[in-house]
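You will see two complexes here that share chain A, one where it goes with chain B and one where it goes with chain C.
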Partner chain A sequence: MAGLNDNGQWIVLMGFLISIALLFLMVIINQATLVGQTTAEGVLEFPKHEIRDLRGEVFRAGGEMNDVLYDDIRVISLKRNHAIVSVSSLKDSVVFGDTTATMVTIRFNNGVCVYEETFLV
Partner chain B sequence: MKNDDGVSEAIGFILIFSIVVLGIAIVVLYGFPLLIAGQGSADMRNMEQTVIVLQNDLKSISYKMVPYKETALQVQGGVLFVTEASGTFEVLIDGDSKYNSQVGQIRYVSDLDSTRIVIENGAVLTRPERGSGSAMLAEPRWYYDDPSNTLILSFIEVQTERERALAGVGRIEMKNDPVQKITREYTLPVDSLEIHYSPLSPEHDYSVAWENYLTGRLGMVQNSENVYTHPSASELVVQETVITITGF
Partner chain C sequence: MVGDGGSLYTIEGLAAGLLMIATAAIVLQSVSVYTPGDTHIDDMLLEQLGADALAVLDMPVEPGGETELEQLLYSWDAPGFHAAFYPLLRERSFAPDDPVQYAASISYRVAADDSVNQLPFTESASYTGYDPAIRVTRWVHLDSGHTLPPPVPSREQMVLLEVILWRG
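Right, the complex of A and B next:
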């Protein structure tokens, strides 16, 4: 091995390093599809529009909220969105000087997401 | 100077050639079965994903008022079946049957791997071909609402006018039947609810998976084998969606 020229050994070494790096990248890329799917599912499953619809209806009804309306909202949510919804309102419970406001608490649960909010109408 | 009188090119070639042939033989003998086994488990992983995609479609149809879904899919290394034969679910209140249905199955059976993956009642389940264990890969959307003590059971029934089987690339069409959609509400007297699960046969028994889900996730109590009750539910909602599968 006396006259052997070993100046090119670094090429072999780099080859090893690059292949190991590629292996790591492969593992990461493999995970990426899985992570992408879970994230997309999470976004799709989140009932944003359902909750907005419910809030909208409760705001629109305002102080006029009664048992019949509440029952309609509850049944429609159950049938269409597979969600349990409860709305409770305390009429004229908040007093600012000579104006009063109704405090409403809504609760939305569809098995994936539970949302609760209290506001004044 | 080295003396290389004894070096023969022919013998060197034979030596190197036999080493190469021996190497190839060892790879074919031991490596090939390993490769095939690896292919089997890769197929299984891919099909787990595919079946979860199908379950998502079923969920969209049942919970989001989607009328129709079409999915193109590739079934690798096995066959995907759609059948109306499956385990049966029954809901009883005070011993009185309120709901009873054989919910149907979408089942994947692999050629190389002895594991099966099925969608039964909106859940993705898996089990070995022989043996009694089973596990749930993706849950159905049954839930319990604490403040109102309401238990919601949703059943997803798969209907098909004939048994279907798919291998390779194909298309699955799922259609919601709005006429057959049921939403019923019941008030539960104390300790009156019973949920029964009866497996189709020992080869299609997913009792262990359902037991773990119902007792672990929903806080139900097992009265006897495959009979469950909920300790605190006072309202019950039973919802059923019938989905007709056509296509391939």
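Right, the complex of A and C next:
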């Protein structure tokens, strides 16, 4: 290659570097959209409102709940909210001296989130 | 003649400057690109809004008493529900109304075969199925003697109030 002018090599090399840098930026931007989607989907799928509503309703009704109402919750949850819900209560099962309390257990499972709680009313 | 060797460098500098400005503009614009992930964020906000509005209606009107939502459903008061629920969805601070629409229905259990049926309650606009909608639900405890229309059994029961929300 003696006598050949090779000044153009630098331009070609810089072109390569810039194109690789652009490719790198493109990959990062591509990933950024996926991150936003999975985060939002995760929040949307998490049954926060369902559990809080169910818990509040059972808690507020207290010992007045009966098996027919528990069946309503179980069947409607399965059909409409796609969640397996079990609410059960043991009336006056806990005795403190001369007062008694009803023990209520809530179980919730919609495949994404499993939740269980036992409390006294 | 004056040497014009520097002109080439000047043009190159201008071209490089334009290239950098264009790159900066593209990068700044890409911050607000509306991606599929962003639609989920909007849905998330709408879900929170709907759940909050239903939660507000589901507060007992007096300690240990019934909630407004229970009273409205007990008497099957569709105009009353609309008057209470719709402003909660649409009102914003220092801005025109948020164009949120809703359609509400009730799910109830038929004890004979454990099937679940739905009954339309009320709506602010008819849902066409075109706009992306989200769904929020709320349990309502109905005492016996309620005035829901006949297919719904008249016993004391839990029904699920289902509301779909969309902007349109």
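Descriptive notes on the structure:
Going forward, the second predicted complex is superposed on the first by the 91 of 121 C-alpha atoms of A that agree within 3 Å, B and C clash if a C-alpha of one lies under 4 Å from a C-alpha of the other, contacts with A are read in each partner's own complex, and residues count from 1 in each chain.
Note that in this section a residue touches a chain if its C-beta (ideal position, glycine included) is under 8 Å from a C-beta of that chain, and two chains touch if they have at least 3 such contacts.
From a predicted model like this one, the values you see are computed outputs, not experimental measurements.
Of the two partner chains, chain B and chain C are each touched by A:Arg80. When both complexes are overlaid on chain A, the residue A:Val95 reaches neither chain B nor chain C. In the superposed model, A:Ile11 makes contact with neither chain B nor chain C.
In the superposed model, A:Gly36 makes contact with chain C only, not with chain B. Shared-chain residue A:Val112: touches chain B; no touch with chain C. Contact comparison for chain A: of chain B and chain C, C touches the greater number of residues. When both complexes are overlaid on chain A, the residue A:Asp71 reaches chain C alone and has no touch with chain B.
In the superposition on chain A, chain A positions 37, 41, 79-81 are in contact with chain B in one complex as well as with chain C in the other.
If you check the complex, the residues on chain A that touch chain C are 29, 32-41, 43-44, 49-50, 53-54, 56-57, 60-61, 68-69, 71-73, 75-77, 79-81. Listing the residues of chain C that touch chain A in their complex gives 30, 33, 35-38, 40-41, 43-44, 47, 51, 55, 58, 60, 107-109, 111, 114, 116, 134, 136-139, 141, 155-160, 162. Listing the residues of chain A that touch chain B in their complex gives 37, 41, 78-82, 84, 86, 107, 109-112. Those residues of chain B lying in contact with chain A across their complex are 49, 56, 62-65, 141-143, 145, 147-148, 150, 152, 154, 183, 185, 237, 239.
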